[in-house]
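To keep things clear, I will list the structure first and then write my remarks on it.
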Amino acid sequence: MIKVGVLGATGYAGEELVRILSGHKEVEIKMLVSHSYVGQKMSDIYPHLRGICDIVCEDLDVEKAAKECDVVFTALPHGASKEVIPALFEAGLRVIDLSGDFRYNDVEVYEKWYGEKHSNPELLDESVYGLCELHRDEIKNARLIGNPGCYTTCSILGMAPLVKNGYIDNSSIIIDAKSGVTGAGRGLHINYHFCECTENLMAYKVGTHRHTSEIEQELGLLANEEIALSFTPHLVPMKRGIFATCYANLKVDKTTQEVVELYKEFYKGERFVRVYDAGKLPESNHVSGSNFVDIGVVVDPRLKRVIVISAIDNLFKGAAGQAVQNMNIMFGLNEAEGIAQAGFYM
Amino acid sequence: MIKVGVLGATGYAGEELVRILSGHKEVEIKMLVSHSYVGQKMSDIYPHLRGICDIVCEDLDVEKAAKECDVVFTALPHGASKEVIPALFEAGLRVIDLSGDFRYNDVEVYEKWYGEKHSNPELLDESVYGLCELHRDEIKNARLIGNPGCYTTCSILGMAPLVKNGYIDNSSIIIDAKSGVTGAGRGLHINYHFCECTENLMAYKVGTHRHTSEIEQELGLLANEEIALSFTPHLVPMKRGIFATCYANLKVDKTTQEVVELYKEFYKGERFVRVYDAGKLPESNHVSGSNFVDIGVVVDPRLKRVIVISAIDNLFKGAAGQAVQNMNIMFGLNEAEGIAQAGFYM
Amino acid sequence: MIKVGVLGATGYAGEELVRILSGHKEVEIKMLVSHSYVGQKMSDIYPHLRGICDIVCEDLDVEKAAKECDVVFTALPHGASKEVIPALFEAGLRVIDLSGDFRYNDVEVYEKWYGEKHSNPELLDESVYGLCELHRDEIKNARLIGNPGCYTTCSILGMAPLVKNGYIDNSSIIIDAKSGVTGAGRGLHINYHFCECTENLMAYKVGTHRHTSEIEQELGLLANEEIALSFTPHLVPMKRGIFATCYANLKVDKTTQEVVELYKEFYKGERFVRVYDAGKLPESNHVSGSNFVDIGVVVDPRLKRVIVISAIDNLFKGAAGQAVQNMNIMFGLNEAEGIAQAGFYM
Amino acid sequence: MIKVGVLGATGYAGEELVRILSGHKEVEIKMLVSHSYVGQKMSDIYPHLRGICDIVCEDLDVEKAAKECDVVFTALPHGASKEVIPALFEAGLRVIDLSGDFRYNDVEVYEKWYGEKHSNPELLDESVYGLCELHRDEIKNARLIGNPGCYTTCSILGMAPLVKNGYIDNSSIIIDAKSGVTGAGRGLHINYHFCECTENLMAYKVGTHRHTSEIEQELGLLANEEIALSFTPHLVPMKRGIFATCYANLKVDKTTQEVVELYKEFYKGERFVRVYDAGKLPESNHVSGSNFVDIGVVVDPRLKRVIVISAIDNLFKGAAGQAVQNMNIMFGLNEAEGIAQAGFYM
């Protein structure tokens, strides 16, 4: 049994981790950390977990964590992780961090997009970008994972085959992405008040969202050249889901069918990537509650442009599910253990 | 491995059965029957199931069913089950029927509330009402289960301890119930069009809903006297959930705390019933996606009236989950096998 | 032109007042008061109002209000009104208060249900309960209106004909009420976070909600005896709407048709009350965005019980619309001026 | 008073027309035509209209229409209009058609995108494309209006200033559009079943949606050259709203502020177009229930790309509201008569 701790257990990503880990056969949850709810049962804060996980939340004690756990998941607000993680890391723990702090190869990219100094740049050499389908081998031996963002997982996996194979003009990439509201977290803000949010659609951080840099880093690695692209996030009145509509100009003459074949080949053997046949497209509830990445492709021959539709569940494959997938890889377990369930659709 | 078939696999209850059974360790799905989708893969109709259940739907062949299956679940539209079930039963299959046809002890009650003759009254002697928490012993040896309705499961379990213990005036029972829209099934009707349904609330079949008779039958058995009660169903703009607000006049002087104790005692050892401490109440998303029945109680001393709040997931404990729970009991498995997962809350 | 001020203009009831008053032909808005948004345009806070109402919000100046306005609407948080209203009142202004502070005839009832001393009990003699259909004559000459709550408007008008005519056992009244989320206001609370609220249903303040006392007061007046009743509020995942399902035991032998006739007679000439024919029932979106009160009735002869379904829009007839209706009456205008529009349904 | 008829009164666009026209001071509704509901009151089908519009629906009688009406609105399913409109037109009626049949200058474009012969190509010379802000002068004297589609109104007005002024590379235009579900109409289809639609997001008709050709026609006219562009419609789980996120590569060096100025100048004096200041962006509920078109602009200097956000209410400015705006222009009324109301936001 792998002994795990979850830091930031009472946020939405934390709750999803606890929910998934509670059903994972090879895992024993040893510690839930939540500053706001010290001394309260997880199931008092999230009553659906009663009888599933009644562990009492505690404050962080690094020594205790190091003694009791093999690995910790950190699902802390931005900023909080960077203080805690070096201590955990030095104490010998394996760490899977869900923040943006350890996702970058180049500290300057981080500092430009986050607008602040990185406090532990030396750890960036240790950390591995935990996009399982692209970095599986490095993940196996990693001690520190920068678990990818939700938008980025969806966007990168959606565009990877085209970029890797040089099918498109990389300067023409536009990603119009839509997110469910859990992506914004559990914090209170008027934008996420039910009455402001339901029956409403908005774009935000147009041209400036931090995930842009993550996507550019990874697609750039695949292309072996620098890539700059448009990324526009939208907030959609639903709880779960990331849905990316990606556009690019084709440099090659290919039909929808041929591009679909490319994708099927690229993702051959990947259990959690489902490429759609030509003529079919994913919808966000095809993946809700599951670790799947669903991808569909349309070539518009009139414009010689390709449109890729990619969908994931932001809390699952976009956060907690992929974190557990990373853990499975790191500990040599079946990669699908605990995360193979069907989505709930309804 | 228990070999199962699902009839009516492409309706909402059928889909939920397939979803749950696909994750059940002791089950092998041998046959999916769907008149409307013969020859199509389950996962073409419900794309979230791709890679989970890609079985091809077929038309009903009773002989084949009898040969290949140990048990069949029938999730057919009202009326369809009564033609099919006798044949399945005679062929030696165990049958768990999700329709209303085999839930009654007294054929006259059925005929009065359903407004038609029962075509197989002789099978009512064979059939067992599959409310697991109340009829576990009979279920063990049953060959034909009348799986309870969603409203009824929620209402009966909500009121059972009070009725059984004679705490209330049985003539004063009022159940004001609210349902998510999956309860209405997948059929097309203007009432379930997104634009008519979202941002709307309605009551329907006031004083005449068939589930009334099921509730009266079961509470009457517990009370050992005939009970007639008010039951008012409402449609709420959410997908899942049954939420029953039940009222009755107390015959005894009891506090909320004392009634809570009664409930905890009554449901002692029941894995799927969670009684709330005084001062706390269930909400519908505490049970979404799970087999739990959550119950809270308030005594209003000003009026000497008790209010019971009971919540289930209509597709899970209210249909497919309880059906699998029945199967587990019938086949001597761990009663929670395949249905012990945490609800999804978000 | 009637010169009006709105205090608390940026809350949900305040916004609805501004929206309605902006389209009212006999009204000129002179002053919008909002502590939180002093110096900001109403249309910067609520961008849908741009070009409709671009007035700058200011802090309260009672003297200025008295000089510039004929009437003020106070849509302040509980507690804030009672400090402000005496000053406004003494300055000679007519006041329509949307809080609970001036809705009571008996200060003891207020103090019992609100759990605090009333700071201006002497004003209760001046104030008139602004339920237009029941108190029209007193409203005409009132200088201070206690504008009714949303639940109470819906519940009282739903039960008034039965209570007034002695058709029911008044000790048997149960009101199971459901509200959209705007009823909770614009304040931030985890319960109203989109992700907690959508796809969820909850009951709250069971047996203890303050509106209970308002309903009891008014129905007691109609019955000419004290009435105590059950009132259970629920939160439904929709923005607007109050939907009350009311139960009572009949003392007389009446059919649905006869009770419908009683209602039609009782509300004859009332423009904003629509009684449904037997066999039809209101739904919440029949009244969304309008000042209508829709009422349907079912007699259950099996139980000799009557079920009344009553629906209003909580922000409109349940708050701002009725406040404007009160103003129209007070100033001798056409009672429907500015509030006669069709609801939006979709 | 202008005497009007509405054909297809019981569809969603028809209902919105009736709702708006019922509050229009210069209009008398003389005739509501609905094949499906002959003999039924409009307010029986849409109960929110009771007391607002209780007119009985009838079957179409062209002669009667010609005698009783000055103008008819045709909100018929695709295909139905083209049979009826020539007869109405010849009978001397002015016609405002909400279908796609009379929106085209070039019959070949119509036939290519609709995949069928146009039955009345000669009427295309008579018909005027009713996008009020761009074709006001022609509309004044038109006898037949092709009322624009919802996606197209939003997209064209969003891009017009850039295209007209040659700021962008016209071959780079990508419009990623999102629609509420009323855009799909009242017809029954599993895609619009509440349970399939809520908590879901989908793209459809990628690269092939008919509205593409309308947008290309109008932007081509403004550019004085042929334009081909990407248009991707999405279905969003909300009732109302069109939200277009438009991308294009800039040919000129301009800041966000400068492009905002261009838009403000272009739409100077347009009552229903609201251009946002730099740094602010429209959201779909800023326009819900109103005739406004809200437009915001972001220049991404990193990519030399402009992103335009444009939002309308699909039923209002995208259908019925603009139709009434056209009528107002045709009959020399105040252009805003009956459609100047504030949106409902909540």
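All chains are identified by letter, namely A, B, C and D, in their written order; residue positions are counted from 1 within each chain.
In this text, a contact is a pair of C-beta atoms (placed from the backbone, for glycine too) under 8 Å apart; a residue touches a chain by one contact, two chains touch by 3 or more.
This structure is a prediction, so every number in the text was calculated from the model and none was measured.
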Name, by label, each chain that touches both members of the pair chain B and chain C.
A, D
Among the chains, which one keeps its Cα centre farthest from the Cα centre of chain D?
B
Can you check how far apart chain A and chain C are, centre to centre, with Cα atoms defining each centre and the answer in Å?
46
Just give me the whole-number Å value for how far the CA centre of chain C lies from that of chain D.
36
Centre distance in Å when chain B and chain D are each reduced to the mean of their C-alpha atoms:
46
Multi-chain contacts only, two chains or more: what residues does chain B have there?
12, 182, 195, 198-199, 237-240, 283, 285, 288, 346
Residue positions on chain B within touch of chain A in the complex are 12, 15-16, 19, 22-23, 46-53, 182, 199, 239-240, 271, 274, 280, 282-283, 285-290, 292, 294, 315, 341-346
Listed in rising order, the residues of chain C that touch chain A in the complex are 12, 181-182, 186, 188-190, 192-195, 197-199, 237-239
Touching chain D in the complex: which residues of chain A?
172, 174, 176, 178, 180, 195-196, 198-204, 206-207, 228-230, 232, 234, 236-241, 243, 245, 247, 281, 283-285, 288, 298, 300, 302-303, 305, 307, 309, 346
